[in-house]
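Input: structures, listed below.
Below, chain A partners chain B and then partners chain C, in two separate complexes.
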Partner chain A sequence: MALLVPEKGWYSKKIASDEKAWIMIAGVLCLSLFALMVGWHLVGKQNPSFEVYTTSPDEFYKLAQHNWKKIKVGEENGITVVKPPPGSDVFVIASAWKWEPALILKKGKEYRLHISSMDFLHGFSLQPVNMNFKIHPNYDYVLTFKPTSSGDFRVICNEYCGYGHHAMIGKITVED
Partner chain B sequence: MFTTCDITGFKIDKKVLPLIKANAVVSVVALLIAMVAALLVLLTRWQVVHLLPVDWYYRMLTLHGMVALVVWIVFWEMAGLYFGSTIVLNARQIAPKVGWVAFLLMVVGTTLVAWAVLTGHADVLFSSYIPLKAHPLYYLGIILFAVGALIVVGLFFANVIVAKKEKTYGDGPLPLFTFGLLVASILAVGTLLAGAFIFVPTFLWSLGIIETIDSSVYRLTFWGFGHSAQQVNVAAMISIWYLGSFLTVGGTSLNEKVSRVAFLLYLIGINLASAHHLLVDPVPSPAWKVVNTSYFMYLAVLASMIHAFAVPSSIESAQRRRGYTKGLFGWLKNVPWGNPAFSAIFLAIVGFGFIGGITGVINGMEQTNITVHNTIAIPGHFKGTVVIGTTLTFMGATYYLIPLIFRKKISGFAIAKIQPWIFAGGVVLLSAGLSILGYMGVPRRHWDITFSGGPFTYTFPPITDLFWVVAVLGGIIAFTGALIWILIVVVSVFFGKPVLSKADMQLTMSDMPPPAKEHHGFEAPGTFALTIIFMIAFLIFATINWGWLSMMWETR
Partner chain C sequence: MEEKKAFIEDLLDRPIALLILSNVIFFGSYLIWGLYKVITTPPIPEALKGIILGGN
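== the complex of A and B ==
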């Protein structure tokens, strides 16, 4: 009784059989969803990374420059292009408003991408695969990727980072 | 100081009426501003029109978020809290002058925020993620608004305690409607405290008094405010669903204990939902994410699913007792569809469950969040929660406020009857369009998805052009539906014919149905069938999303 005090005996009234059945079905669904998230960590191949290090924009910038020196293969439209050996660590800088470097990867090989921001929050959005992660300043977020498809991919920014936000687009090439 | 309502028989404290009216009027003005901003934003996102320049796009987006999600909804809820703690309980308003101070704080807060945004001093979007920085008065405005809201919540508690002491509503537990609002108010305290924890330091940071704030601490605490506020909205909205069932068909819960326990389960989610925003962030651990995002194994989701049965079954049961027993859905054919409050609430229940609920649970799972985080599927989701759910519910309830509180007849009643359908239809298209675009990777909060000026180019799949048309069409229809509602409310309240007696009531006020006979088996088979359909839809959607996730690049 939405507007009145509940009728006498409301507390001890038995739950109707259909309502009880529904609550049980819903309860099973809830537990299954919970188990699915936990279980995917064990058997699933797509889980958000939890490898993270604290850093600072200055430190991360230096680490990245050092890293790129060894693996740089050229430049494209003013953006450094690197071709890291499979299994290695690659540093990726997000800053207003560019992703650097552009990456050349091999299909089926793992790469440890260290990503951090020089300034604001940025959104690492891999297209057209459509995988999305949040990049913070002062945190080195290590995402271990294994590309399972080859071709030309883009990394767009999907966290607002100022007026040039829409121009923030990087490139990943995956070779067979 | 009391007057007795000749239509409902409730004792009404004369001092509470202007408070309800003032808060309700401001909320309607806010909705108008929010809707205009929404249309400008949508027409900018659609690259065919690409209406606003970059700075004004982000300004209008900030304004839309603040005014729609906070100002419109919270002012309306303030009116609802005054109503639910006085009139419904035949109780008096404690310290009405304090209520006016709160009102003033909220209006001043809103004005400061609007000033900062419109003058370009707060191009930080609704979430104002640090280190983006706005003018100090922007943060101060939010703080003043929150303090005002907290005061009204305090008045709600005071009213209820005094009413209980003075036994104004009889001897026993609070009526379910007020009980639900009580849960909403407790949630609101948690929400507003989280807001204080983050906006006070951020205000000091913007003044240069505090040097740095950690960006992940900001996000954690901000969403303890921003998402928990949605728990408040859900509790308030569902309270109104029970009220709507009672007013329109005399519906009461099959089992009131179940409904009340379900409300209490919401308290578990008091601040946990913040995790929904951090699932692909570097900092919290997977264990923290899984426990929090699921509100401890989905207890708050279970609560919503319990209400999803309890509210429609209260309608079904009342209708069956009246003799509408034909088949599974004979009861549904004979509900008062001509009552816009009923149709608004019914559409809100269906829309919130099927769109907001399903997308919300899947988006909020740790791994599937990878596929939607910060894509335009997220706005698609909350069009299915706060717009077709909360906003449409409040629109429907307002149809009762016009004759009962403002004592005016509803102008253009024939149009009012179809208004909820127009609005809901538009929002369904808008939500579906945005969601599908998001699943194709289209980002939210993005001025130009042709990436002009960038070092590389990217073109989204051509099919996205079609879904942009669906979204824009839906948006324009929803805008029209909202505009009709605003016009009806404004014309009725300021120029409408007065309601002099019960004969002037255009909306049904149902009597209680005959008491239930002893019977075996299902009490609400139609509702049970509907919930099973819901479950099947959920499982299909979940399977598609997880299947799709499993085909992506491997990551850990």
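== the complex of A and C ==
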């Protein structure tokens, strides 16, 4: 709000050409930033998925169990470890307070990660690359995922989910 | 008698109206968009379920 009330008839007064130019520059800049915000969803490399399905915790759990049975390679601290074939669908469950399964993936190969929560809102946060996605119950969130570097990565929860929140750490191993 | 102001002039002279309007437009748009997304989200395709559950 201006400090002083504008003088009467300001609306019909001619705008100075330099002021008009600055208004135009600011307008174009605003519209460009807005377009960039939308456009980034199409050209960015770490964007949320457009592929989401409705499901239920029971259905998703059943699908995950069937999926893991075919690709299970072991267990680590009571957590299933899976090694899905490149290009396949792999189901990941978030629940209080763990990520299951631990994944072994191949560098440069594409995977379709289906992620859902069994209870309440969790946050899939891949570290140290810092990719973050909200994981809601009743929705199958499909992430097309292509690891570009090998090594051990951690998945932490970045939506506060109770007293075990800080211990909710998953593991993704990317092999060469 | 005071001269009648143009609609846009009258609006630009009301900062509180502009403040409310600029919030209400975004609130309304996002609300409608969100409801649309929630209503139109499809269930997991049967074909995918068949692939996952099949053969067991």
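Things to note:
Heads up, the rule we're going with is that the second predicted complex is superposed on the first by the 154 of 176 C-alpha atoms of A that agree within 3 Å, B and C clash if a C-alpha of one lies under 4 Å from a C-alpha of the other, contacts with A are read in each partner's own complex, and residues count from 1 in each chain.
The rule we apply is simple: a residue touches a chain if its C-beta (ideal position, glycine included) is under 8 Å from a C-beta of that chain, and two chains touch if they have at least 3 such contacts.
All values reported here derive from a predicted model rather than from experimental measurement.
With both complexes brought onto chain A, simultaneous placement of chain B and chain C is prevented by a clash. When the shared chain is aligned, chain B comes close enough to touch A:Phe50, but chain C does not. Once the two complexes are overlaid on the shared chain, A:Glu59 sits against chain C while remaining clear of chain B.
Touch criterion met: A:Asp119 reaches chain B, while chain C stays clear of it.
Judged by the touch definition given at the top, the superposed model places A:Val28 against neither chain B nor chain C.
In the superposition on chain A, A:Asn67 makes contact with chain C only, not with chain B.
Residue contacts after overlaying the shared chain place A:Leu3 against chain B, while chain C stays out of touching range. In the superposition on chain A, contact of A:Tyr139 is made with both chain B and chain C. Taking chain A as the reference, the larger set of touched residues comes from B, when chain B and chain C are compared. Of the two partner chains placed by superposition, chain B and chain C are both touched by A:Tyr11. Residue overlap on chain A between the chain B contacts of one complex and the chain C contacts of the other covers 1, 6, 11, 52, 139-140.
Those residues of chain A that touch chain B in the shared complex are 1-6, 10-11, 13-19, 21-23, 25-27, 29-31, 33-34, 36-38, 40-41, 44-50, 52, 76-79, 97-98, 102, 110, 119-121, 123, 125-141, 143-149, 154, 156-171. Interface residues of chain B facing chain A in the complex, by the touch rule stated above, are 54-55, 58, 88, 123, 125, 129, 131-132, 169-177, 214-216, 239, 242-243, 245-247, 252, 254-258, 278-283, 285-286, 289-290, 293-294, 297-299, 301-302, 305-306, 309-310, 313, 361, 365-367, 369-375, 439-441, 443-449, 451-458, 460-461, 521-525, 527-528, 531, 535, 538, 542, 546, 549-556. Residues 5-6, 8-9, 12-13, 15, 41-45, 48-49, 51-53, 56 of chain C touch chain A in their complex.
Interface residues of chain A facing chain C in the complex, by the touch rule stated above, are 1, 6, 11, 52-55, 59, 62-63, 66-67, 69-70, 89, 91, 139-140.
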